[in-house]
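Two complexes are shown next, each including subunit A; its partner changes from subunit B in the first to subunit C in the second.
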Partner chain A sequence: MKLKLGDHSNALQYHSRVMREQFGIRTTGEQYVIALAGNPNVGKSTVFNALTGLHQHTGNWPGKTVDNAQGNYSYRNKSFLLVDLPGTYSLLAHSVEEEIARDFICFGQPDATIVVLDATSLERNLNLALQVMEISSKVIICVNLIDEARKKKLSINFDELEKELGVPIVPTAARNREGLADLQKAVYSMVVEKKKTWPKQIPYSEEVEQAISALLPKVEELSLARVVNPKWLALRLLDSDVSFIETISRYSAIQPLRTVASQRQGGEFTL
Partner chain B sequence: MSTLNPPDPLLKIYSDTESVRSSSGIPIADRVVTDIFAYTEKLTQRVVIREEGLQSSWKDNIDKFVISRVFGYPLMLLLLGAVFWLTIAGANVPSAMIASVLFAFQDVLTHWFQLVQAPAWLHGVLVLGMYRTLAWVTAVMLPPMAIFFPLFTLLEDLGYLPRVVFNLDNMFKKANACGKQCLTMCMGFGCNAAGVVSARIIDSPRERLIAILTNNFVPCNGRFPTLIAIASIFMASTLFLSQSLLAAGMITLIVLLGIGFTFVVSWALSKTILKGEPSSVVLELPPYRLPKVGAVFYRSLIDRTIFVLRRALVVAAPAGALTWILANVYIGDVSVIASIAGVLDPIAKAIGLDGFILMAFILGLPANEIVVPVLLMSYLATGQLTEFDSLFELKKILLANGWTWLTAFNTMLFALLHWPCATTLLSMYKETGSKKWTFMGFMIPTVIAFSVCFIVAQVVYFLGLV
Partner chain C sequence: MKLLSVPLSTLKPGEKSNVVHLDVLGLLRRRILDLGIVPGTVLTCIGKAPAGDPIAYLIRGTVIALRSEDACLIAVEQV
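Entry: the complex of A and B
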């Protein structure tokens, strides 16, 4: 958490309150929050179950009829809370599931997000990973079902993939618990040891890039741009419908940055 | 655009960029997705090495045709036409057989009634009204359904339907509607009420309303038998190949017309009272599977055929009795049914139908399945022809009542386009929670049905084609 404003512990408290109220997530003070994203049918739940075992808690996302599963595990004496996001193909379209996943990654500010991919159809699955990487730099890619890929005689050059994407890549076969220890280690070094990543940004076509750079200066002025990747924000301003923008501004009103919400003057925020 | 919170800087930037979003050409949202996939494709080619695997290759190749720009639509048409042709060509003989068995039993029933010296009106209501209607519904509807539904389920089980959605997505985009509407449309082929309820999968309220209001333009289970019956009776009274092909082509055309109206009305709605941009759909094409034949037959015969037939019979029995009573109660020297039909006749004639047909459609509001039975009942009860031993007699009945090819064609058109059944209207009300939109859901098809039939009839009359 990189908060430049206010007392650190204060902001931390604020953050855990936001987590509780907006996402129904209760953390004990020293717990790291890890989001688990992925397409449907990639074995995301298998990864979740394999990591958390019986330490699970299920419910609904606040105000939604979508299941929310949380579970915790310890690794090297640190406690991690794993939040299973709904399975989605993308974060761009407008289903409730995608909204939940997007809002959580974007505004829940988890300490890391694991994106689970299906090794047998990487091309389709990478779409989600790239979109998550656009929002957050704290991304770990878990390429699951490598056993199936082996059966289908596919071999994946993980080193090349890692070099290209700039985030940790962990091949797993969660069904056989293969690679899970590596996944835990990757999470540990990201959130505890603060290992840096250089997430690859999607190279857009010229027109799109131009539209982004035209908008970027205005977006960077927003206080929100300190929490959310301004390029991502600019893109969403360009391609989303108004309801999503309203969601963003609703969340931006409860961001920890806004500890000075009372200083609203004539509707303008002063920060 | 509603800016609930005008001073919010984010919303301000958003409304400032309106021009970029609404600029012509491909929407930015689509370009963003295209760019992402262009990148992932390149990346995947670099990092994934596919060792020569022979198993999956033919399945991949099939999709090159099934969802290709060139072959996608013709293949869809061909499959649709083939399904209809098999249905029509195959249904004739069993229909005639069922008809002869059931009508033979009617004579037995009549004999029993005579034995116990039952009053004539009781025999009329129960045998000539109820039983005969039930017999007709079964004979006309059961064989086509027993062929059509398994074929349709087979395509579904093969994994073809998601490909249809894929092919049609672009069309829905052009109509400014959601590609998911194709799924609700396919659902509508089963039952429009189910189609309306399934519109819940569409998240944008605007697109959901469009899907709900246009669902009626695909013929449901209840109307397919009407279409198939009329087409096969009228176009294929003999088993000549060319005629059954013609009938199949006819139905394909009618279905395409319905889909065409779905697009046109969706487009018109999204340009007028339901303005907005379409949202995109992510669709996973499932692998092709060999259908489980047992499951297909069970699902299509028990779940669909028997279900639809049962529903038809339940509604048709009282409707048959009612029609018989109406046809045999006289005010002055005109039966009630004839006087109602007489009132409707001028309007009906103007749109190429007759008073009885229009009345049958009105009485069919509770369930579209009973339109043909009620129609036949009212013809039979008033008319002479009560002796028949095969399905081909049906054509004689219709011809004797002044049907021409225009009557048949416009009846099919009207069946396709007219108001939704009561169940569908009720679902619309439940889903939208609005009397206004339910009323629209009733009015849009009704107005379209009357106008289209009117134009067709007037053009044909004017050109002196009948």
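Entry: the complex of A and C
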């Protein structure tokens, strides 16, 4: 997947600050923002607490994390701001939780997104992972609850899974702090060392692929297309996802199209 | 011999079936797909609420309860 990231311009930095502030996130200078997504009840908040040392309430019922919770941690002298998103099965249907998670991954411009999966039911959990990988290439998959999987005598071939999906995979049992160091290391390589990923993309039918190709040139003009996969944006337009299109318009209003155009010609832009 | 498909809601507790078709569009279809119910998925009816609604199904290792009005829209064949 090619995300048009290219030059990390002032405009983009301004942008991310504005957008993050809309989500109530204020970073201190050199702080990386990491989103934590996953199905309900996979132990996201346990991972969050284990990494940040906070005691956000965890509980075995769905919908517990309704708004996003935030916490810091440091690793190798770098500071990371972890944002715990509500648990969702999808980013495409329209519950409040899903919209919060989706908008944050799209517009909050996290430096990386950790998708937490339940090792005991990978099959149903991978749906969300693939959806996040469709939006962004900066994805790390944390396969949590491996202690539970062991109890159920499940064995998972993590190397094969990583090869298949094209993004880093880290097995964890956050309850016992198992694998957390590896998770921090994976986040560090991605956001600090800029390690590349090749997330697996789901091909659509020929008809849909043709429609996407027709829309792409227009979509790529959006400033948003530099941080969110333009193909995914085109798919949402094809979906006639009205509420999401409105959200895109709101986002684009912060930086009008023409500034992007002038920037392309190498011109100066003012904000 | 190929069995005719029936609505998922007609399954009795303990019966197993294979999804053949989703007779639903839009957001509800999306929702059903996101729960892991796609053609070919094996579903087992676990139990019904006293009034017969909702109905609990075992879906890919997770128990999920569906309203019978929604379960009606999922065509299955028994396995």
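Points worth noting:
Everything that follows uses one rule, which is that the second predicted complex is superposed on the first by the 217 of 271 C-alpha atoms of A that agree within 3 Å, B and C clash if a C-alpha of one lies under 4 Å from a C-alpha of the other, contacts with A are read in each partner's own complex, and residues count from 1 in each chain.
Basically, a contact is a pair of C-beta atoms (placed from the backbone, for glycine too) under 8 Å apart; a residue touches a chain by one contact, two chains touch by 3 or more.
Since the model is a prediction, treat every value here as computed from it, not as a measurement.
The superposition on subunit A brings subunit B into a clash with subunit C.
When the shared chain is aligned, subunit B and subunit C each come close enough to touch A:90. Comparing subunit C and subunit B on the residues of subunit A they touch gives the larger count to B. In the overlay built on the shared chain, the residue A:224 is in contact with subunit B alone; subunit C does not reach it. By the touch criterion defined above, A:127 reaches both subunit B and subunit C. In the superposed model, A:36 makes contact with neither subunit B nor subunit C. Legend: residue contacts after superposition of the two complexes on their common chain; A:173 is shown touching neither subunit B nor subunit C.
The superposed model places subunit C right into subunit B at 149-157; the other stretches listed in 5-13, 41-49, 131-139 or 149-157 stay free of clashes. Under the contact criterion defined above, the residues of subunit A that touch both subunit B in one complex and subunit C in the other are 89-90, 92-94, 123-124, 127.
Chain contact summary for the complex, subunit C toward subunit A: residues 27, 30-31, 34-36, 59-62.
By the touch criterion given at the top, residues 40, 89-90, 92-96, 122-124, 126-127, 130-131, 152-158, 160-161, 164, 202-205, 207-208, 211, 215, 218-219, 221-222, 224, 235, 237-242, 245-246, 248-249, 252, 266-269 of subunit A touch subunit B in their complex. Partner subunit A is touched in their complex by these residues of subunit B: 1-11, 13-14, 16-17, 20-21, 27-29, 31-37, 39-41, 43-44, 46-53, 56, 203-204, 276-277, 279-282, 284. Of all residues in subunit A, only 89-90, 92-94, 120-121, 123-124, 127 touch subunit C in the complex they form.
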